[in-house]
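You will see two complexes here that share chain A, one where it goes with chain B and one where it goes with chain C.
Let's turn to the complex of A and B:
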């Protein structure tokens, strides 16, 4: 019975870490994978979502709706940023990095000025459940489930809808898509907005477990970035899933063996190591292997 | 006309070239005037201002290092302040341990430059030889800096001592016990001669100014030599540079190490200036500041980067008096400059001046 509880505890932490990484990275991966811009202000969009959630919750809005508000608010903020600043920096990777870092500084410092350094709190909903003496929060499982639901929704939107087809065409070849009558300007705004909204939703959901301050977002951006680059850009969904499974595995194991700081360092170390072996990320490697086996298969039949 | 240029070329030839702004008589006269004005400050400015100005000049080194790395070689590092911090800690730890025995900080000064270079060689070697993409390097360096900072912050436990140096967590580096010496400022010893440079005195200011001018002129020679062409080649088109037979990875690694040495030097000077080094130097704020100075001043020119650092440090000091708006304003300046003058204000202004100068000469000739 003890062993079973131990196994459950590990699995619980593993899925918790996976959910956490997916939520942190999902908005960033849309923006990086589809638009080639690394948004250093992603953590600040999450922070905006967290603030909206906290304020709406304290104004009496139920938590799930507060999180949706967060998504809408961050999405609108993202679209404004895209129109005002970021659209000038497509295809300039390093400059976009620097300018979005400047935006992140402005947003976090602006919030510090307006709301002060006070920390907001929202109680974690749903309570706990016991497994052979230990208690586990139900909300963590909700986080994991929502993370998967978000990934599935995004995949469906970009695969089955007309907007998704147009978006993928625009990312593939903007001039050609434009010539075929796609309004590429709107596609860029909307895609950036969706990425920002996902960041806002993630921030809103984390707001229910973490304390909220103007520097809420600072720690998420590097983490999300690491997850994204380990996954690679060849296939957004498989990249994200394989990357979070690997990184969360390392983090969970080392967290339990040593401590949380070493677990964090070990996860960064693992990311570094994976990048050295597969400089273009896991999904690129999987994609190449798939192409190779397909080619070999065709060669055998011919 | 030809006569005057040959005199310039004979004495300043290695300093002038296509990779730095300003190569005419006017520029060099202006340069001498600026340095002379800076050098005369201790004569009539308050001591408090001189202490601050010393710190601004120390920031100038950090700006130089990122300008060389990002502006010339195209390798952006968002964690350049990490080398500043490593240099500062290395200086402090060695100085605390050897000061009683040696009576000077010669070895500590050397260690503060050498240890960042060793660190850069290891981490840069791994990154460049794995051919990581530029964006990844930029953010990985930030992550490295944040990780070192997180580690240093939790070293408050008394077991974190290196000889006579206690890392001290958030309180910064300090002596391990009461018998150990305090963190010294720069003291150079050569045989019997001992030169002490206290960070609060004009002598330290002159030393930093002289060193900054020397490093600036040295780097001008470097970027206008054939090595400078390799750097710019790596920035403009790494594949083509590789095709021509240059090893891009080695060039990038070399410049990464040089930049680390200069950043380490700034860390040494900073620690000696305040006799103080603490883990906040590894955080997001100092790293983003370096990028702001260089991007706003002009990354593709060494002098513009230094000017950016000094002016913006002065602006932040001024704004600090107005409350906590300094970072908000600096962020706005960065975004604004990136939109209006993507190459940086210094370079844009420099281009205007040169165009005006050329036009004036053409007008005089036409007469």
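Let's turn to the complex of A and C:
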């Protein structure tokens, strides 16, 4: 029985860590992974989501709807940012880094001025369940499930809808897409908005378990970037999934074998080594291997 | 078409630059002139970043105290009635800002006293710079104690007033088996030593001990470890907005063992920030928080709310920020000058602040730490606080026991529990870390 609890505890932590990384990175896979914008203000979009969730919840809105409000609010905020600022800095990596870093400072300091250093968070729902004498929170599993659902939705939208096709075409070759009648301006706004909305939803879901302060986002931004960069841009969805499985695996194992501090360092170390070996991320490597096997396969039959 | 640069435009620009330089010079001069007519109190606190939650109310305490002193006519020093001028800098929750801002206080503002920092790391960055330049320094929230330095003064409670009496009560009431988790820096390392001291003195055992870097917010692995140990109670030193996410995560994972912490509630008023019952069964032993049932507290909170209607909670920082300014005002008045040595003599004459919000407070001149009341509160399911024990009026004795008397000689170093010969055996086989 002891062993069963041990195994369950490891699995639970693994899925919890995966959920955490996916949610942190979910909006950024679109904004950075697809659009190539280094958005240092991503954490602040999550923070806006957290504030909207908390305010809505305390105004009597049920928590799940409050999280949806967070998505809408952060999405609108993202579209405004795109129109006013971001669009001037496409294809300029360093400028977009500096500009969004500035935006991040302005947004968090602005919230500090308007709302003060902190507001009341939202209670964590669902309680817990026992496994051979130990108890585990249900909400962490809900976070994991929601993370998967968000990734699946993004994949479906960008694969099966007309908007998705137009968006991918625009990111691939904006001039050609424009010439073929795609309104690329709208596509950019909407794609950025969707990325921001996903950040807002993630922030809203974390608001049920975290402190809500103007500096809420600071700790998510670097993790989100590491996750997305390790995943690589060849295929953002496979990239994200393989990246979080690898990073969360290292983190969970070392957390339990040594301690949380070394676990965190080990995760950063793993990201470093993966990028050293696969500089363009895991998904690029997977794509290349797929193409190679396909070629070899054809060669054998010919 | 490229705009032409005409002579007129160039001249205009040059004139503007000259004008601004002159104006800036004038502004600078007026600031210099002010230093002679006012007493300069320079403060550095985290008004932004992770620690702004804790440190912002401290600046409210400063402002209230300065307002009261000035409205009462200021202080008679060096043959003139002078007002206190409060200069406030934002340390941005970044240790590296503290050193440079401390220099700014000393050299640009020519501060008569510098009050700075929340965490032990920030404190040491600022304090070393201030005392190196022989200016009086104050740290105004609870600390790990034991700093014996001529220019350093401490208004907040020490572990003798918090850790020892509170853990004695916890062991007597909940049992002997405890765990300790804390942030990995000098303060929580020291609190770990004090916890070990308390465990040895009162018959407890520490079953599991671990330290975490700032910024850790994923606590599931730790929660699992604690559940496996199944202690009688937990001892925490979790610092900052990320660390305290432990509480909702532990609550949702069903870990609800009684817990004692000297930073939670007292610093970060988590019971007002987290939805109930995340903090239920938490025990805290502040020297002051809004819920302290002393007459002084009611009056203090009323005045503070009048000035700062948006204040969420008057925490320990607000209380001891206020005490420190009042203590300095009394010392300046007693010395009749702002001369540093004379003011230190006045402070060392056991200066008192009878109106301290947690109840009368008295500086021990030989130790530079205060004697004060501390209180043990328990957080209820609805996040209201119940006073479960008055830990009494405690004199600081740690440095005296080691043989330090700063009226005679200040060693200029910090002492920790293993430095007390009577306690040294508790630490045999332990790594000496955290200094």
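Definition applied: the second predicted complex is superposed on the first by the 301 of 302 C-alpha atoms of A that agree within 3 Å, B and C clash if a C-alpha of one lies under 4 Å from a C-alpha of the other, contacts with A are read in each partner's own complex, and residues count from 1 in each chain.
The working rule: contacts are C-beta pairs under 8 Å (C-beta built on N, C-alpha and C of every residue); 3 or more make two chains touch, one makes a residue touch a chain.
Values in this document were obtained by computation on a predicted structure and should not be read as measured data.
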| item | value |
| --- | --- |
| Fit-or-clash call for chain B and chain C when the two complexes are aligned on chain A | clash |
| First, second, both or neither for A:291, with chain B first and chain C second | neither |
| Touched partner set for A:257, first chain B, second chain C, both or neither | neither |
| First (chain B), second (chain C), both or neither touched by A:176 | neither |
| Chain B versus chain C as contact partner of A:156, first or second or both or neither | neither |
| Partner chain(s) touched by A:11 [first = chain B, second = chain C, both, neither] | neither |
| Per-residue touch tally on chain A - higher for chain B or for chain C | C |
| Partner chain in contact with A:127 - chain B first, chain C second, else both or neither | second |
| First (chain B), second (chain C), both or neither touched by A:109 | both |
| Offending stretch of chain B which, after superposing on A, collides with chain C (from 170-178, 206-214, 242-250 or 296-304) | 170-178 |
| Residues of chain A that lie at the interface with chain B and also at the interface with chain C | 109, 112, 218, 261, 264 |
| Complex contacts: residues of chain A adjacent to chain B | 38, 85, 88-89, 93-95, 97-99, 101-106, 109-110, 112-113, 218, 222, 225-226, 229, 261, 264-265, 268, 272, 275-276, 279 |
| Chain B residues touching chain A - in the complex, by the definition given at the top | 70, 74, 76, 78, 126, 130-136, 138-140, 142-143, 146-147, 150-151, 154, 284, 288, 291-292, 295, 324-325, 327-328, 330-332, 334-335, 338-339, 342 |
| Residue numbers on chain C that touch chain A, as the complex places them | 48-50, 52-53, 56, 93, 184, 210-213, 215-218, 220-222, 224, 227-228, 241-242, 244-245, 248-249, 251-255, 272-276, 278, 310, 312 |
| Chain C-facing residues of chain A, complex | 9, 12-13, 16-17, 20, 108-109, 112, 116-124, 126-128, 130, 134-140, 208-216, 218-219, 252, 255-256, 259-261, 263-264 |
